[in-house]
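Presented below are the structures under discussion, each in the form of structure tokens.
Next, two complexes with subunit A in common: one pairs it with subunit B, the other with subunit C.
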Partner chain A sequence: MSAEVLVFDILGAIAVLAAAGVVLARNPVHSALALVVSFVNVAAIYVILRAEFLAAAQIIVYTGAILVLVLFVIMLVDPDNLPEFHGGRPVQRLLALILGLALLGEVMAAILTRTIVGQPGPWSPQAVAAVGGNTQALGRVLYSGYVLPIQVTAVLLLAATIGALVLARPDTPRVRALVRDTATISLAHPRGSEMANGVEPALPALAAGQLKLEAGERTLVMAKSGDDFLDQPVWGERHQS
Partner chain B sequence: MNWAAFLSNYIFAFIVLNVMLGLMAYMTYFERKVLAAMQDRVGPKRTGPFGLLQPIADGIKLLAKEDIVPKNADRLVFLVAPLLSFVLAPLSAAVIPFGGTVTVFGQEVNLYVADINVAVLYVLALGGMGVYGIILGGYASANRYSLLGALRSAAQVISYEIVLGLSLVGVFILSGTLSLVQILEAQQQPLSFGGVQVPNWYILSQPLGFVLFLIAAVAETNRAPFDLPEAESELIGGFHTEYSGFRFSFFFLAEYINMIAVSLLAATLFLGGTDGPIADGVWWLAAKAALFLFFYIWLRTTLPRFRYDQLMGLAWKVLLPLALINIALTGLIRLWGLGLL
Partner chain C sequence: MSELTATHFLTLSAALFIIGMLGVLIRRNVLVIFMCIELMFNAVNVSFIGFAWEQHSLVGQTFALFIIAVAAAEAVVGLGIIMALSRRLDTVDIDQVHELRE
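And now, the complex of A and B:
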């Protein structure tokens, strides 16, 4: 057994174990971390295969950007508030099990019967070396034979970006305007001129305060003291139930 | 396998790693001295001659402190996060070329640890991984200030990594390679305009790319004025609020090593690295990197911290369009302009 095969076995085993950890971990952040480990090991396997560009892209795009965003979202969610994260929904679980086994069977069948052994393409190691390395070779292939798919992908991603912007926008122009000009409440307070004669005047009653802008349908929270605010669930706080 | 070459490479990597760790300690001394000079103070001067033993005293102090783990912390993640930051930080020095090839005891030794053909992408990938230390540290602390610092860091690093990557595309277009060794070689060929020799440093042909890289690099290393993940006036200590002792020092050291690594990278990519007017060598690289490190500290003393929305607005509305314009212009010049010269 050559050193390369040994290294591949180690990396592959870690990647598979980490992938199992993604499903088995009870804390979603741990799941995401296991996925990071799995991705990094897959990237290392790409390096053994001399696909350095693919390895770097895998780390930068998947580990460095997409999984960071996934973690970003997960960290804002309280794991205790996810009743369906584990257990429940027996139909879904059964369906997932059947589909998973079907996929596993397909892949195993393809591997065992050796029907997915690819034919070597025009890019032999010599041809790759002739254009200056696999990054250059990849660039040549992508931007000559596959220009249209790349452009289509770019347009698709642009559409997705615009779609996300539209979804994140408040519904109507009226609400949008309200979000922009948030209503301010001016609490009653002594004026400077009243302070001038050296006597500190008594605070005006709370009722003397005014609402500066039309608040629309937004709920305004009026709190007399700091404790009033604490009755409401604060962002990120664990609920005692 | 050529064991002698392998061993010499290994020894060189060992030297680079240790020099980086030593430099990092004295980077804190340099920062405190420069800060003090700019604020009309004296800075450390009691510990040893000129206060030169101060970093060592600081190191011993941090190592000897109690290592506290908060009760509600996600224990394993909390313990691993600073290690992750610290381990990944010096790795990017592996692709920096410190010179060509020298002969030691009849053995050819490359003055770089590895000439990877995707070296620049490798550095960017390390930057992308390094943010996990901050995010996980902030999450695992079970502290709202830490979590806020981690979230800010996640958003900031993703935004500025895009700018960082795109600002370098102009250099790739001009040099036609992603290998730092070859980018350095491309810069060592001087251009001549009518008998006048001009160094082919990419700062001259890519001034916009250089400025964008510099801004994005400061943001990537979480330094002032982009140090929102640890903004002490709003978030106490940000992601490292709950860390103490040597685990805190790992975050601290990782930040300084990242600064040094980014300075070396900037010097190699834009300022011609080891190339100089006389006697090319690693001292030119050191001088240029020191310039960037001084610039970092200068920024810290001069500029107030950005507000969070300004930070994001700057990345997406100003720097990103500029980076795209730079790529388009460089591409056009590469296509048609070079023939006109």
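And now, the complex of A and C:
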């Protein structure tokens, strides 16, 4: 029995150290990698606690899906926008430390003085082994008493997917619709006629209200590409620089 | 050091949760704050699974499974918000984001 405790202590210590690394690392990528270490160690602890299915789910969902998503977002966010934000708030850090220590004291007091222990449930290790293992037992519990929560979870995941699509959409849909509605005419100058002195002829400046479409009306904008009158490059067109 | 008891994993859970909470309070990078929230979810899962192990019940494991599903949904929406934030305000510094306050 003592070996179990020893393994638990090692795994727990690594998980806690990695969690501290998440908070202390200066680079967000290092934080994400420390988080992977912490999650894998916690998954191993789930195996000790006879929750094999959840250990697999933890690795697949957390380290396989969420952490990859986090790393993709770190990659997509402009590196100039990722400065390190450690310093400059000594008061808040001190307050956070005091709050954390206070909470740790309270929780440890609650844990160490815990006396109420409920009646043991029906799923003893023998009962779990009798139905074929942790996954089968969990399935029996899940699909007998928790059918409605499962369906609600399915709806929640669908809503989250739709929400993510809405959030990830470019944030100027109206202007993009305008681009599709605008007739673009390419002004091709004969070579050498107007570029003779090396100066490209300037395009007419846009008035501020010119981009607003009246109902049923089409604007004619003189521009070489969509980028010439929009701040952001239009999807599907190469950005000309 | 004789036998694995509820105290062990409850202590681990408390430590993980408080480290995550400190991260949320101290750090200013939204991405790191997001990771610390995941850490806190994980700490709660350790608690649930530990109690399920102690009580010979599978309700705790069921709950942890739902927490994992909800955390996945939360991750998708949260990262979408972070993407929209970095595109719109050109920052992931939580102190720079105070549009709602003004």
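Convention: the second predicted complex is superposed on the first by the 135 of 241 C-alpha atoms of A that agree within 3 Å, B and C clash if a C-alpha of one lies under 4 Å from a C-alpha of the other, contacts with A are read in each partner's own complex, and residues count from 1 in each chain.
The rule is simple: a contact is a pair of C-beta atoms (placed from the backbone, for glycine too) under 8 Å apart; a residue touches a chain by one contact, two chains touch by 3 or more.
The shown structure was predicted, so the numbers you read here are calculated from the model rather than taken from an experiment.
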item	value
Touched partner set for A:T135, first subunit B, second subunit C, both or neither	first
First, second, both or neither for A:I45, with subunit B first and subunit C second	second
Subunit B versus subunit C as contact partner of A:Y146, first or second or both or neither	second
Subunit B versus subunit C as contact partner of A:I59, first or second or both or neither	first
Which superposed partner A:V36 touches (first subunit B, second subunit C, both, neither)	first
Partner chain in contact with A:V77 - subunit B first, subunit C second, else both or neither	second
Dominant toucher of subunit A (residue count), subunit B or subunit C	C
Partner chain(s) touched by A:V68 [first = subunit B, second = subunit C, both, neither]	first
Residues of subunit A that lie at the interface with subunit B and also at the interface with subunit C	53, 57, 65, 69, 76, 134
For the subunit A and subunit C complex, residues of the former touching the latter	1-2, 4-5, 8-9, 12, 15-16, 19-20, 22-23, 28, 31-32, 35, 38-39, 42, 45-46, 48-51, 53-54, 57-58, 61-62, 65-66, 69-70, 73-74, 76-78, 81-86, 89, 92-93, 95-97, 99-100, 103-104, 107-108, 111-112, 114, 117-125, 127-128, 134, 137-138, 141-142, 146, 149, 153, 156-157, 159-161, 163-164, 166-168, 171
Residue ranges of subunit C in contact with subunit A within the complex	1-4, 6-12, 14-23, 25-29, 31-32, 34-36, 38-39, 42, 45-46, 49-50, 52-59, 61-62, 64-66, 68-77, 79-84, 86-88, 90-93, 95
Of subunit A, residues touching subunit B in the complex	27, 29-30, 33, 36, 40, 52-53, 55-57, 59-60, 63-65, 68-69, 71-72, 75-76, 132-135, 236
Contact footprint of subunit A on subunit B as seen in their complex	74, 77, 116-118, 121-122, 124-125, 127-129, 131-132, 135-136, 139, 144, 147, 150-151, 154-155, 157-158, 161, 165, 176-178
